[in-house]
Structure formats: C-alpha cells, structure tokens
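I have a structure I would like to understand better, so I am pasting it below and will then ask my questions one at a time.
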Amino acid sequence: MAKPKIGIFDFACCEGCQLQIVNMEEDLLNLLALVDPVEWREAMSDQSDHYDIAIVEGSITRDEDAERLRKVRESADYVIALGACATIGGVNKLQNNFAIEDVQVMVYGDAANMPHLASTPAQAIHEVVKVDYMVHGCPIDAHELTHVVRCLLAGKQPVMPDYPVCVECKMKENGCRYEYGEVCLGPVTRAGCDARCPSNGFWCFGCRGYVDDPNLEAAASVMEQYGKTLDDLKSKMALFGSAQEHKL
Amino acid sequence: MMSATELSQVRDIYLPQKATVTEIYSMTETEKFFRFHLEEGEAFDYMPGQFMEVSVPGFGEAPISISSSPTRVDKTTFEMVIRKAGNVTTALHALVPGEPVGLRGPYGTHFPVEDAMKGKDVVFVCGGIGLVPVRSAIHYVLDNRDQYGEVTILSGTRSPEDRLFTEELYEWKTRSDITFLETVDKADARWGGTVGVITTLLKRIQINPANTVVIVCGPPIMYKFVLLELRKLNVDNSQIYVSLERHMRCAVGKCGHCQINGLYACQKGAVFNYADIVDVKEAI
Amino acid sequence: MNIKRVTEKEFAAWVDALTPKHTLYAPQAKEDRFAFDRLTAGEDLRLDYDVSILPPKKYFLPQKEVLIKFDRKGNFESVIAHEPFVLFGVHPYDFVAMDQLNTIFEQDNYDVHYMARKEAATVVVSDVQVASADVFAGCMGNATVEDRDGYDVLLTRLDDGSYVVETRSEKGEVLTGLLSSAVDADEVTLQQREQVWNRTREQLQKHKLEMTPEQIPALLDKSYDHPLWAEKAELCHSCGSCNLVCPTCYCFTVEDELNWDMETGQRYRQWDGCMLTGFATVTGNHNFRDKKEARYRHRYYRKGKYVWDMIGEIACVGCGRCISACTTNIANPVEVFNQLSEEQQ
Amino acid sequence: MSRTVDINVKHVTRVEGHGNIVVRATDGVIEKNEWQVPEAPRYFEAMVVNRHYEDIQTIVSRICGICSVTHSLAAIKAVEDALDVQISQQTDKLRILTHYGEQIESHSLHVGYLVAPDLLGQKSVVPLAASHPDVVKTVIAIHKVGNAMMEKLAGRKTHPVRLVPGGFAMLPKASDLRELKAMLEAAIPEAKKLGEVVHSLAGALPDFSRDTEYVALVDGESYPFYHGQIGSTDIDKPVPVHDFEQVANEYVVAQSTAKWARWNRDSYCVGALARFNVNGDYLLPLAQETAKMFGLERGCANPFMNNVAQVVEIVHVMERSLQIIDELLTAGIQYERPDVQAKAGNGVGAVEAPRGILFHRYEFDDKGICTRANICIPTNQNHANIQKDFEAFVPQFIDREQDEVRLMMEMLVRSYDPCISCSTHFLNVEFV
C-alpha cells in the first residue's frame, strides 16, 4: 500500500484512545512518515471522503451516529475499531443495565424528553458495521495500534492473542492480585496489554474483552476460597464485560 | 567457559541461510509450486521425507516438506509445494522469482528409502497435500527402480481441481513398472476416474504383507481409516511409515509445540515407524 | 576449592564490594514479594527471600528475546548476548532446574542463544533461609545441592548470622577472592552447616509427597486414562500461569516483527505454555490438544515423565510456584501425584 | 445588495469533543449567534449507580481521556469524604504530583498541538511539524514530562490505575522520583522556551475583553489544584466544596446536550485564566516571571489570554513538583497499603481540572454501593460564558470576511480548551 490515507473518527467516548496517538510523541513522526492522515477532528481541520484505513473510536449511542458510522464504513477500505468503547462497548455499556428512559431521567431530570438528548443503548462498532480489525484496551496501547498499522501496510494479518492476561502478568513478574484477596479478571480477559493493571498493583477489569472461551464457572467457583462472593465477581465483570456477568 | 570468539564460531540453529526463489507457479487455487536455490554457503544434505524451515523476513517461518529428491536436483536446490494457510504461506505466495527467502534445515526423520524399503514392495498412500513429501520418495525409488520390488502409488484428493503434479501423475499412470491408482472425493463433469475416499483404492490392491513397506501421508483424519484398512490387509505395524504434521516453532526440539506425548515430532518425526507410535496416544 | 566462614559484617562488605565491579542479579523486595533484579546497592539484597515470583531462568531464557535480525532482502544475522553477569542467591531447587535446562539446551541441538548466557553467568547458590508457603523441594531431593556440580559458589547462613562461603570453581574464585581476610571454615563450622542442611531438608516439605520422585514416571505410565485429569481440568482457566512460573518449563513461540522503516526487523522468541488453548493448533484450526484435560494432563506428564524419558530427571523441582500461581487451586503436583498413587492401590 | 454571513461550523476541530458554531447575519444584523454542543450524551451519573465504591474512579475516569487523572482524583476524594477515610501525607503529595503531571500534559497538548497551529497559520500539528519542527520538539519535550509523571506515579498516562481510595495500589520507587526530577529539571528551560514562542506570537491573539466572574479553588496560601474551597473574583468569603451545587447553578438549554451554569452573574469562567485571576499572587517565582513577560496581570478579562495563563501554570507546577519530589525523597517512600471500610455516607470531591474546577458527589449505602451521583464539569461551567463571549465578540467584527469571522470564533472556542465529551451529563435540571 502506498502511503495510505487515514481517517480518525470518534463517537461516544472519552477520546483517550486518540490521545494515545498524540502521546506517541516522537513515534508519531515515524507514523506520519508511513501514513497520510486526511481527517482527524481532534488534531486537524481537514476533511476527506475516502480513507484507506478508518480508525474509529467510541460507542454508538444514537441513530444519527450509527448513520455517520455507516458513511465512514462506506468510504473506507479497512475499518479498525480503536479501544474498548469501539471494540466491546466499554464502560458505555454500563448504561445498558438500565432502561434508557430511566437513565435519561436520572441524568437530565425533567429535560429528558428534549429531542436532542435522544439516545439508544450503547453498541460496539462491530454491532453496527463490519470491522476488519480491533485494537483493544481502555485506553489502547499505541504500540499495538502501530503494530497493527504496520502489519496492514506489509500485508500481514496481525495476530491478536487469545490467551488470558495472566500470561503477560506472569511474564511481568507480578504478585497475583488473588493473593491480596482481590478479584482479578485476568484469567478470563484477552491479553495483549502487557498486564498493565496488575503490573501497577491493580486488578484486571477486563477492558480487552474476554478470551474466546472464558471459563466463567471456574472464576465463580473460587470466590469463596478468597472470601468473596459471586456478586463481587459479577460487579467487576459488569464494568467492561458488556453485561456478560448475566451468564453466571 | 567458552569465549566470545568461540561462541561466535558455534552455529546458530535458528539462523536461516539466504536463498532465492527461482521458479514459482500455481498448481491449484491454494497451492503453489516453488523452487528455491541456496545463494551461498554449504549445501544441505537431505533425504526424502525431511522438511525445512522457510522464512519470509518480517512474516515468520514455516516448516515445509522438501518435495524434490536428491537424486534429481543438486543439494542447493529445493522444490516445495506450499498451501496458502496463514501469514508466512501467504507471503510466500506473493513472492516472484528473484526474491529472497531464508532456509534452514533439513530437519526430521526421513522415509527409509535406503534401509527398510530396500528390496521390498513399496506402497505409497497419499492424501491431498500429503503427496508433496512423498513425491520426493517416489522420485528416489523410481530413480533407483531396480533396488525395490513392486511399487504401488495410491493418491486421493478432494476434487479434480485439487490434484497436484498432474503431469507427473499422468507419467506414473502410464509407466508399466509401477501401479498407480487415483481417486477423488467428489468428481466434476470431466472426471472419468474413481470416486471415493482413499481407502477404496486400498481395497483394490493385492499385496504381500510380509514383504511390503507402506508409506502413509495425508491430513490428520486420513490416518485412522487407512491404518484400519492396512490392518485388514495384515500389514505389520513395523512395516508402516507415517508422516505426521504438528505445530512447530523451532524444528530443533526445543519449543515444545510439536510434542506428541513425549515425542518431539520435529526430531523423532515427522516420519514415524507406526510400530513406534502405536501406543503413543496422541499420535493418530 | 575453599570454604570460608564469613561474619555478617564481612559478608555485607563483600556484597558491597561486588556490586560496582560486577553485573549482579539478586533477590530483592518487589512490593511485599521477592524478585530477582539488578542489584546496585548491597543493602537491597534479600537472601532471606522465601521464593522469587519468577525463577532466575529468566536470565538464561528471557521472557522475550531477539534471536535474529533481518532485512527484507534476505540477510539474517544472529543476535547473541554474552556479557558476563553474576546470578547471586539462587535457591538450590532453582539451581537444579537451571541445570536441567542447561542440559536440554546444550544437547542435541546446541542453542547458542541460551548457552551464551549460561556460559557468561557465574552462579552463586544460597541455601534457603525462609521456606515459602508451598515449597516441597525437600520431598523432591532438591532442598540442598551440596552433592551437585555446576555452580560456582555456595552460601549457607548459620544461626549466628555468619555465612559459610564455599567456592566451587575458578569463576567462583573471582568473586570470593575478595574475601581473603575471612577465616577458613573449621570442623565445627562444617558441622553447623550440615545441621542447617538437615533442617532445611525437613522444612522444605510444606506439601508431602507420598512416594519417592523416581516412582513418578512409573505412576504416570499407569494413569493416562485416570478420571482425575478431567475432574481437575474442569476448573482450569487455560491461563498458563503454572507454566510461566515454573523453573523447568521452557516452551516458547517465535515471531517476526518489522521496524518503522518497514525494511528491517527482528525475530524474537517469547515464553509460551502448553496449558494455553492454541498451543498445539495447526493450520485449518485443527487442535491436537483441544480439551482442557488433555492439556492439563500433558503438563504433569512433562513434569513427571517426558523429560525423565529424555534426560532422566523429574522436571518438577518442588519450588511450589505453580501451587501459589494457580488461582483455582488445581495446579498442585503433590496433590495430583498423591491422589493418582492412592487410587492405583 | 445585502451582505450575509452564514457560518455553520459543524464540529469545531482541534477541541476535545463535538461543538458547533452557528452565526447568521444580514447586513450586519445578527440573527443567530450560537455555541451548540451536540455531543452524544453519556450517562455517567447513572452508570455509577449500583457500583461498588472501589470501582467509581475506574468508571468516571472514562468521562475524559485528557483529564482522567483529575476525574479519578475528584472521585477518590469524594469517596474518601463519604467513607471517612484518612490518607497519609505521602499519599497526598504523590497525588498532587500526579495531578501536576496532568496539568503539564494537558496544557502543553492544548497550547502546543491545538492552539499553536492557529498562531502559526497552520491547519494542524501535522504540517506544523514540518514548518516549525523546533516548536513541535519543545512541545513534545514538555508533554512527555507530564505523561512520564502520570505513568510513573499512577501507572499509566491515561486512566490511572494506581490511584485508589485510601492511597496508592502501587508506590513509585525512589529511583522513579529521581528520574522524574531529572526530567523536570531538563524541562523547565523548554517550558520557558514555549513561553517565549507563545509570547512572540501573542500579538496574533485578538484583543477582546469582557468582564465576567472567575471561579477557582482557593486556600488562601498557595495556588491550589487539589485542595481548597470555592473562591471567586466576585466574593471574598469562599464557599465550602460541599455546597458546590449553590455555585454551579446548572440549567438546560435547547442548543446543547451539555448544561450551562451560573453563579453570581449570568455566567462565569473557570480554567487557567480564572485560577490566575483568583490566585495569581501565590505563583512561584519563575511562574511570576513568565506572567510578567506576557504582561499578564490579575484582572485580565481577555479569554484568549487563557492560553498564556496555561503556559504560566506549566512553569508553576514544574517548580512546585521539584519541591515536592525533594520532600518525598528526603522522607523516603514508605510502603503502605490502602485501608478502606465500607459505610453509608455522602461525599464531595473538588479539584482543578486543567480546564477548570471539577466537582464530584456520591452517596453510598452501608455496603459501600453507590446510590446517587452528581458530577459538575468545568466545561459545563464555561459553556454559558462562551455564549456570552460570542454575543459580545461577534458584533465587533461582523462586517469582516466570513472566513475570518469563522476563524476568530473557532479560536475563541479553542482558547477555552473545552472538553466537550466531559460536559455531556449533569443533574438537578432547571429550565429556562
């Protein structure tokens, strides 16, 4: 691919994943040597109507956003979902635990019915359009994004790990959070983050989504042994788990 | 303790040698034929049934069987047939003549063309891409035809379009000093031959079990059925050789991926005497 | 070669003298656990560690290691590290494990990447001062290593805080040469050391193996179809923690990566684990060990039989790391072997 | 022939989140002149309901990637307030240091990546990197220090994980602090350089002033970001943070998914310029010097000077960070683990986000489960002020070229460093 045109788009999210691109500092210049950003609202004023690669951040929470996303999809050869909001719905899906009308009243009170506040349950990008590649994480790791971009440029399929975070956590030589009496989602969460949270003394809250075949029963069965309850586990899984805790 | 200079003399088992693609063409929709030529350095001594690690820099390495026979090409040339399956093989398919690859090897055991097969009747049973490594042994045997007894080649593919080396198949078919039988799982309008899985061919041949060596190579599911048929034909397990594929990352007995129970397939295989693995539970 | 008795103070001064001269990797506190890390100040040394989170094998077989540099024109070049370093304070069971890996990486196909590190290392073994919660090296015959070879210095702390420092090789002498002022160990000292060893062998049995280690291969020979594998594996996350913390595990994967220039890159190897779901998967998604119980069983066979068949050693040294690492509590080798043996009778 | 101006900037670029500018005028008569916020609404106050106290900061950090440390800290302070948790001095200092990291990161991002292109006549930092590589390198050097502080202290650049109720999930090592110290020392000259660049371009900032109320945290002895009560240029006696709802009177307007706020006047302003106007006397020497260089004095009512105040603040927090690091190194890092017990309670946390004062309030039941939340965000507090600025600013140059009008208005919006995705949720709605 000759210097591909890249567009970066954001939907409901904190824009922290885009920020990781800016945070690449000098490496950003390396990236710019390989790709040609033609649209990136947060950082530049230009716009375009074709993209070799569209990088999409955020969840879809309104019909008009779904429409905008479809347009992006139509104008792009590859779509990369960037970060947890885009790949699994992220924290946005917490709102799906409530009826949308209730959430609106909770937040906007009497104004909840104003038309411009209309919204739908949060969806990940792939629930609306076809996604070619996912860069997981909340926020993403810029190295992973650039790895994916470099692979795509080389014509190589980037390999996404399907083993749990524990693998990387062990390699980082951490004491396991369970030994501290905490509930960690590492054993069921897809690796690729270098176990960032456990390596900083914090349990894994599952921002990369689950491995293909998570053993949730195993996770549940050991709660008592650590002085925890099933509800403790469920409440951790609820944070990024796209309501998968309901499977337990 | 070895000094730095001493260590630098030691051969790095992971270091590929540069080679060039000298020929490449499509054989089927998913398989391409390759001829690689070693650029410099030593020639690799190899025997039929062995494999090499083929590198495309940036994409990785894959174990690939040598399909040519040392009786036909010099030891700096290797013919291979590669199925497009993932990153490395897709990158290989994208190469054009003159482009570089890396080669290291040869690795693994080989078909007993120089020992157990000598003087015996030989039956080759090949399923699909399993023909690729066996072709090396077939060439070897045909080039030393007088040293073996009856030679029978059985080949099965999914469909007529999946047939590899069609010209050679035609040549084998027309040779009078060997028996060649072929079948496809699913025929098309032009196919006039046998239809059915490979075991149907086994039922059609006569063998002298005491004096026959059987070589089996094909996809994982093929082995069970073929071996069952061979048992019916009273072929002793020690007369049967199978070539088994496993996930490999190093091909030098370290990485652990290819282990079949305790056996490293890259070292004790890929060609196994069936008697040695009949009790190895993960083998077949 | 020589055995010295070194006072606590002399010992500390010795370590202080070593740190600026050598690249030392030694056990240190990591939060409230212990890990081997570069030692820059003698006061950070913690020879009273119970167990390091990862075994010191990481210095011979790093978590991720570049093997080859390449460019896309087909030039390949080996990357081999051989900067000398001192592995200081290795526990006996970890030394036994290292020794095993040395054999495996040396024999058949000499792995120059591993061996270069091994050759560059000076290994200082330190007898265990504090037993970890799950250690059972005492049952495996690996609580002490006085009758083994292959390391350079052996440290044993006596009850009064002084150390017996035994130099076992020329490499070791380079380090212990700085201890010239210390006295040679007398008969009494050696007896005291003997007592420490006896005690250690007793203490490092937090789990009790109901057989001798040499009986394990035969036991496994008979246990392939035992229901235990499926029962235990039910709770397995396929998380590989038990593999990754194990001093005798050495499986790895190899990958290529391209640099920013898209022209050059490197081939690296990285730890892998046979407990991970895709470990034995080949093209076409055929997984030769697709059931959890098959992977679970494989690990125990690796530990108790396959390596034994290869080099005549049990590939479990009794460090107990896998026991603590497994969040669902199913990775205890002693429990598995005992249960298999009970149910054989 | 009548002359019309018809500006419809859908989604102002180079700001965080989605905001629109709509101006319509015929022959100099302004018919419409609006700052609109159409960002997709997010429902954080609902999302934290039913969640455990120890998960609150993890959730609300995701309100905003650019000020995730600030949101985490506000939430943690509120939780600790509700649960009566005492924290150590070490924790306090480390948190302030982390928070400074975010001020440096966010301010340099804003001034360097988002505003500098305007001042240097470029459309974004991408061509700027080619046209003014030195400027971009300076910005990167400063930006990196801010990120390094957050990464070393909070575990990550964005969405901290070490910041938890009761203290730190993991403590930095002394060597980490020494590394940061060296980085900061090297960065102060870079910060001065940035000040000089901005100063040389300050002439490009429009000369526009509109008197308004400025609101910031005050403690009467320093230039606070993390502690303090609510102060204002309009009143003398500060208001306790527990009463923040009396200050930030929020109301919904049709042009925005985010709400507006007012206190002693129709609108008020928060952010770097507000902090400077309220606390400017407490700046450390180097920062004082920097302010002087720009001629920035308390009482400045030019919103464009917010960019300058940000540069001054970068210098101030760098100076202060060095002092704190020395204090921590002298005392030595003590190993401690957070100790928090669940109980029922209601707590408030107030901290200064880079773009202004931020309030979080939570209520917990006796199991530590959140039952109610209220979050009041700086950009919300500024929206009304931006609209009032529009109303005063636009008539002054409505007869100019439309493109020029549009650029000036975009620059005005950008000068506030609005964080729009933050601002799309609130409680206690009141209709106008």
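Per-chain residue numbering starts at 1, and chain names A, B, C and D are given in the order in which the chains are listed.
Heads up, the rule we're going with is that a contact is a pair of C-beta atoms (placed from the backbone, for glycine too) under 8 Å apart; a residue touches a chain by one contact, two chains touch by 3 or more.
Here the structure is a predicted model, which means the values were calculated and not measured.
For the pair chain A and chain C, chains touching both partners: B, D.
Chain A has its Cα centroid nearest to the centroid of all protein Cα atoms in the structure. Remark: among chain pairs B-C and C-D, B-C carries the greater number of C-beta contacts.
Mean C-alpha position of chain B lies 66 Å from that of chain D.
Measuring from the averaged C-alpha position of chain B to that of chain C gives a distance of 39 Å. In terms of their C-alpha centroids, the spacing between chain C and chain D amounts to 50 Å.
Remark: chain A and chain D have CA centroids separated by 25 Å (rounded to whole angstrom).
Chain contacts: chain D has residues 170 touching two or more partner chains.
For chain A, the set of residues that touch two or more other chains comprises 154, 159, 201.
Of all residues in chain B, those that touch two or more other chains are 58-59, 86. Contact between chains, per the stated criterion, is found for A-B, A-C, A-D, B-C, C-D.
Contacts from chain D toward chain C in the complex involve residues 170, 335. Listed in rising order, the residues of chain B touching chain C in the complex are 1-2, 4, 7-8, 10-20, 39, 55, 57-61, 83, 85-86, 89, 99-102, 220, 245-247, 249-250, 252-257, 259-262, 267, 281-282. On chain C, the positions that touch chain D within their shared complex are 31-32.
Only residues 58-59, 86-87, 90-91, 94 of chain B touch chain A when the two sit together in their complex.
Residues 11-20, 22-23, 25-26, 29, 32, 37, 40-46, 58, 61-62, 65, 90-92, 94-95, 97-98, 102-104, 106-111, 114, 116-117, 119, 138-139, 196-197, 199-202, 205, 235-236, 238-239 of chain A are the ones touching chain D in the complex.
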